[in-house]
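Got a structure for you, questions after.
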Amino acid sequence: MIKVGIIGSTGYAGQEIVRLLLNHPETEIVWYGSQSYVDKRYSNVFPNMFKLVDDKCLGDDFPKLCEEADVIFTATPQGLCSNLVSDDLLNKAKVIDLSADFRIKNVERYEEWYALKHGNPALLDEAVYGLCEINREDIKNARLIANPGCFPTCSVLSIYPLVKEKMIDPSTIIIDAKSGTSGAGRGAKLPNLFCEVNESIKAYGVTSHRHTPEIEDQLSYAYGSEVMINFTPHLVPMNRGILVTAYANLTGDYSYSELREVYEKYYKDEYFIRLLDENVCPETRFVEGSNFVDINFKVDKRTKRVVMMGAIDNLVKGAAGQAVQNMNIMFGLPENMGLKIVPMFP
Amino acid sequence: MIKVGIIGSTGYAGQEIVRLLLNHPETEIVWYGSQSYVDKRYSNVFPNMFKLVDDKCLGDDFPKLCEEADVIFTATPQGLCSNLVSDDLLNKAKVIDLSADFRIKNVERYEEWYALKHGNPALLDEAVYGLCEINREDIKNARLIANPGCFPTCSVLSIYPLVKEKMIDPSTIIIDAKSGTSGAGRGAKLPNLFCEVNESIKAYGVTSHRHTPEIEDQLSYAYGSEVMINFTPHLVPMNRGILVTAYANLTGDYSYSELREVYEKYYKDEYFIRLLDENVCPETRFVEGSNFVDINFKVDKRTKRVVMMGAIDNLVKGAAGQAVQNMNIMFGLPENMGLKIVPMFP
Amino acid sequence: MIKVGIIGSTGYAGQEIVRLLLNHPETEIVWYGSQSYVDKRYSNVFPNMFKLVDDKCLGDDFPKLCEEADVIFTATPQGLCSNLVSDDLLNKAKVIDLSADFRIKNVERYEEWYALKHGNPALLDEAVYGLCEINREDIKNARLIANPGCFPTCSVLSIYPLVKEKMIDPSTIIIDAKSGTSGAGRGAKLPNLFCEVNESIKAYGVTSHRHTPEIEDQLSYAYGSEVMINFTPHLVPMNRGILVTAYANLTGDYSYSELREVYEKYYKDEYFIRLLDENVCPETRFVEGSNFVDINFKVDKRTKRVVMMGAIDNLVKGAAGQAVQNMNIMFGLPENMGLKIVPMFP
Amino acid sequence: MIKVGIIGSTGYAGQEIVRLLLNHPETEIVWYGSQSYVDKRYSNVFPNMFKLVDDKCLGDDFPKLCEEADVIFTATPQGLCSNLVSDDLLNKAKVIDLSADFRIKNVERYEEWYALKHGNPALLDEAVYGLCEINREDIKNARLIANPGCFPTCSVLSIYPLVKEKMIDPSTIIIDAKSGTSGAGRGAKLPNLFCEVNESIKAYGVTSHRHTPEIEDQLSYAYGSEVMINFTPHLVPMNRGILVTAYANLTGDYSYSELREVYEKYYKDEYFIRLLDENVCPETRFVEGSNFVDINFKVDKRTKRVVMMGAIDNLVKGAAGQAVQNMNIMFGLPENMGLKIVPMFP
């Protein structure tokens, strides 16, 4: 049994790790970490866990946790993990960081977009960006995983094949994304109140959202030179789900089936990526609760653009599910162990 | 492997059986029955099943199905199952009927409340009311299960111990219930449109809802003489969940802990019933997707009444989950096999 | 023009007063009071008011406000208004208090249920309970109005005629109420976050909600002797609306039309009360944004009970609208001035 | 008093015209037209109108209606109005058509996108596209108004000044729009059921939505030569509201204030257009129920693009409100008569 510690287990993403691991046959959670609820029963914080989890929340004693756990998930705000982790501790326990600390390789770029001093630039090189379908080989031997952001996961996977094969002009990429409200976290803030979110939609972080450089970096690696995009997230009155609608100019007069072939080339054997049938558009309700990414696209003959679409559950493939997928790869387990979840509808 | 056929697999309850059985280690679905979608791929009807179910929908050839399946779930409108089933066919396959056809033992009473001629009164005596926590022993050897209604499941389980032990006056029972909209089914009807349900709440079937006699029958069996109640369901703008708030006069000056003891007597070993801590009220979000029933109550010293509350997922414990639980019992499997689902929140 | 001051204008109820008064032909708002947003532009706090309100928020200088305003609405937490108001100040400006401070005539009872020391018991006698349809005459000459709570407004109006005429046994009254989330206020609290409220329903304040004694008092006045009830509110995932479902034993074998006559006797000339056609149940969506109370009931011949139902918009008839209605009465204006709002659907 | 007839008064848009006109001081509705509900009381179809509208629904006798009404609103599916209207009838009553029949001047283009034979091409030239803020002068003397589509209204108004002044390259315009579900109409269709829409978001009509040519036509008129765009609508789980997020390459190195000046040039005196403060993004909740268009934009220095955003209530400015605004202009009334509605929040 893999011993698991979770720092930040009382946020939505942390709790989702718990939900997934309770049905994972090879793990045991030994540490329910929390800053706000130390000594409180975990099932008091999340009553859905009543009679399923008896543990109390523990604090953030990271070195002690590294003694007790084989792998640690950090589902915490930016800036925390990089200040906790060290080469020494990584020899004791693997770390899967759900924050942004190790996602952007360029320190200046990280510090500019996040307005934070990076806590441990020395480990940036070693950290592996845990987008499993793209970086599987590097993940296998990693000690430190930068678990991708929710928007970058959905955006990059929806676009990757066409960028990689240069079927689209990367300078024309525009990503318009829509997210459920759990992405905003469980903090008690006015803009996240029911009556403020319900019956409305808005854009936020326009031209300045922190997932922009993360998406750009990954697309740049795929393309081979620097890519700059527009990325606009929107807040949708629903609990879970991200939908990405991405636009780009085609570099040739490609048909649906020509582009489809490229998508198949990269994804046809991927358990978690579902290329939908032609003319079927992804909808977030059909991936809810699961680790699936539903992808499809439409060619616009008139404007010579392609409209690429992807849907994920932001808390699963966009956070906890991908983290568990990374863990499975790192520990040599079947990649979908504990993750063969049928999406729950309605 | 148990071979399973589903009549009515393209409704919400039928699809929920599919969702549950895909993660059940001892079953194989051999028949996706449907009236409206014959020959259509099941995953076209429910795209959450894409890449998980390859089958096409089949029609309602019940006799043929009885040859191929060990157990048949009928998730169909009232009146269908009773006209399909027969003593002969029950020797070939067990039947778990999610409709109301075999729930009410008195034919006249059924025909009056349902305004239907009963199709097979001869089998009424044999049919076992599949409220697992109450009728477990009879279920074990049953050929034909009347799977309880969603409201009766939640109502009866929330009230049962106090009725059984005569701690409340059954002539004073009032049940005010609230249901998510999936309970209204997947038919394309104006009152179920998004804009008609969203941002509103209403009562319906006031004094005349068909689950009334079903609840009364079960409470009457528990009490030992005839019980008559008021039952009022309400439609809530959410997908899943039933909350029951039930009121009754106490027959004595009982404290919380005295009543608690009675609840514990009946439920303390039940996996699916969670008696919450004192002063914690059930909320539907904390059972979503699971087969749990969350129960608690409050004593009102002023009025000498008890307010009993229960929460279930109407599609799971209120329909598909309980049906699978019944199947497990009938086939000698662990009762919670395939049903150890962590409620999904948020 | 009536000069209006609003203490607590940056809560949901306070803002609703603003919305209504902007379309009221005889009022002018001279004071947008707020504790949290002093000096901030009101339309920054509520961007729906952009280009409609240019004012900045002012503090709580109540004596100064009494010099400038003819009428003051206090839409503040309990305990504030009673500590601000005085006989002297009431000679300068009339006060309509949306808090509970002057609703309950018995000081001990107030202090017990609210766990607060009352700030000004001397004014309790003078304060008029502003349930317009019942207390219209007393309101005309009042200096101080205790504007009714949202649940009491809907509960009392739904039940009043049958209690007054002794058609129901008051000792059997059970009120099961359901409210939209705006009733919980605009405070940034975890339980009111979108993801905590959405897709769920729960009871709260079971046997202990503070609106219980307020409802009991009003029903007691109507009946002529002390009435004790059960009242249970529930939180519904919608912005606005209250639905009350109330149960009581009939004192005779009354038909629908006999009871209907009693309702007509009290309400047939009331602009804001709509007695629906027989068999039509109130739904909150059909009163949204308006000051209407939709009322109907069902007789249960089997149990000899009546099920009474009422629907209001909690922010309008349950708070701001009734406050404006009270103002209209106090200033001799047509009672529905500024309140002839067509409910907005969907 | 202007006598008003409404064809299609029992759809959401038709009913919204009723809601608005009931508070319009200069109109009287003389004809509640309906295909499905003839002879049924209008307030049975829309119970929010109970005690406000006593009329029964009438059929589609257009010639008779032209005798009785001064202006007729046709809130019907495409293809109906063009087959009813004639030069002769237009001499008797003005017509404001909320369908698409007269929006697109080029018959072939209309017939291609709508897959319909146009019923009356002879009137296309005369019909005025009723986007009030742009075509006010032509509307004044029109007999036949093509009331703009919901998406085109929000899209064109959000983009118009920058296209008109050639600050953006029209070949790069991408419009990503999000709509509440009332836009899908009141037809009883499976995809519009509560459980199908709730908790999900999807794109639809990708590269093929019928509002595309309408938007292109209007932008082409503004620009002076043909414009081709990408337009993608999305379905959002809310009742009302459209948000447009539009992207385009800037033709120069413009600052926010330079672009702002251009917006002010066109909109600074428009009552219904609210240019928000810098850095404030439009949100649909802040225009709900009103005829306002909230607009703002962000300059992305990195990509040299501008992100333009607009929010409307799809049933008001996107349909019924703009229709009433057109009527006001046509009849020489103040343009905002009956439309000075404070947006309702929450």
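Chains: A, B, C and D, in written order; residue numbering restarts at 1 for each.
Everything that follows uses one rule, which is that a contact is a pair of C-beta atoms (placed from the backbone, for glycine too) under 8 Å apart; a residue touches a chain by one contact, two chains touch by 3 or more.
Since the model is a prediction, treat every value here as computed from it, not as a measurement.
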*At the place where copies subunit A and subunit B touch, is the share of residue numbers found on both sides over half (same) or under half (different)?*
same
*Across the interfaces A-C and A-D, which one involves more C-beta pairs in contact?*
A-D
_Quick check: how many Å separate the C-alpha centres of subunit A and subunit D?_
38
*Just give me the whole-number Å value for how far the CA centre of subunit A lies from that of subunit B.*
37
_Can you compute the centre-to-centre distance for subunit A and subunit C, using the mean CA position of each chain? Integer Å is fine._
46
_For subunit D, give me the residues that contact two or more of the other chains._
12, 182, 195-196, 198-199, 237-240, 283, 285-286, 288, 346
*In the complex formed with subunit A, which residues of subunit B make contact?*
12, 15, 18-19, 22-23, 46-52, 182, 199, 239-240, 274, 276, 280, 283, 285-290, 294, 340-346
*asked:* Touching residues of subunit C toward subunit B in the complex: what are they?
replied: 172, 174, 176, 178, 180, 195-196, 198-204, 206-207, 228-230, 232, 234, 236-241, 243, 245, 247, 281-286, 288, 298-300, 302-303, 305, 307, 309, 311, 346
*Using the touch definition up top, name the residues of subunit B that touch subunit D in the complex.*
12, 181-182, 186, 188-190, 192-199, 237-239
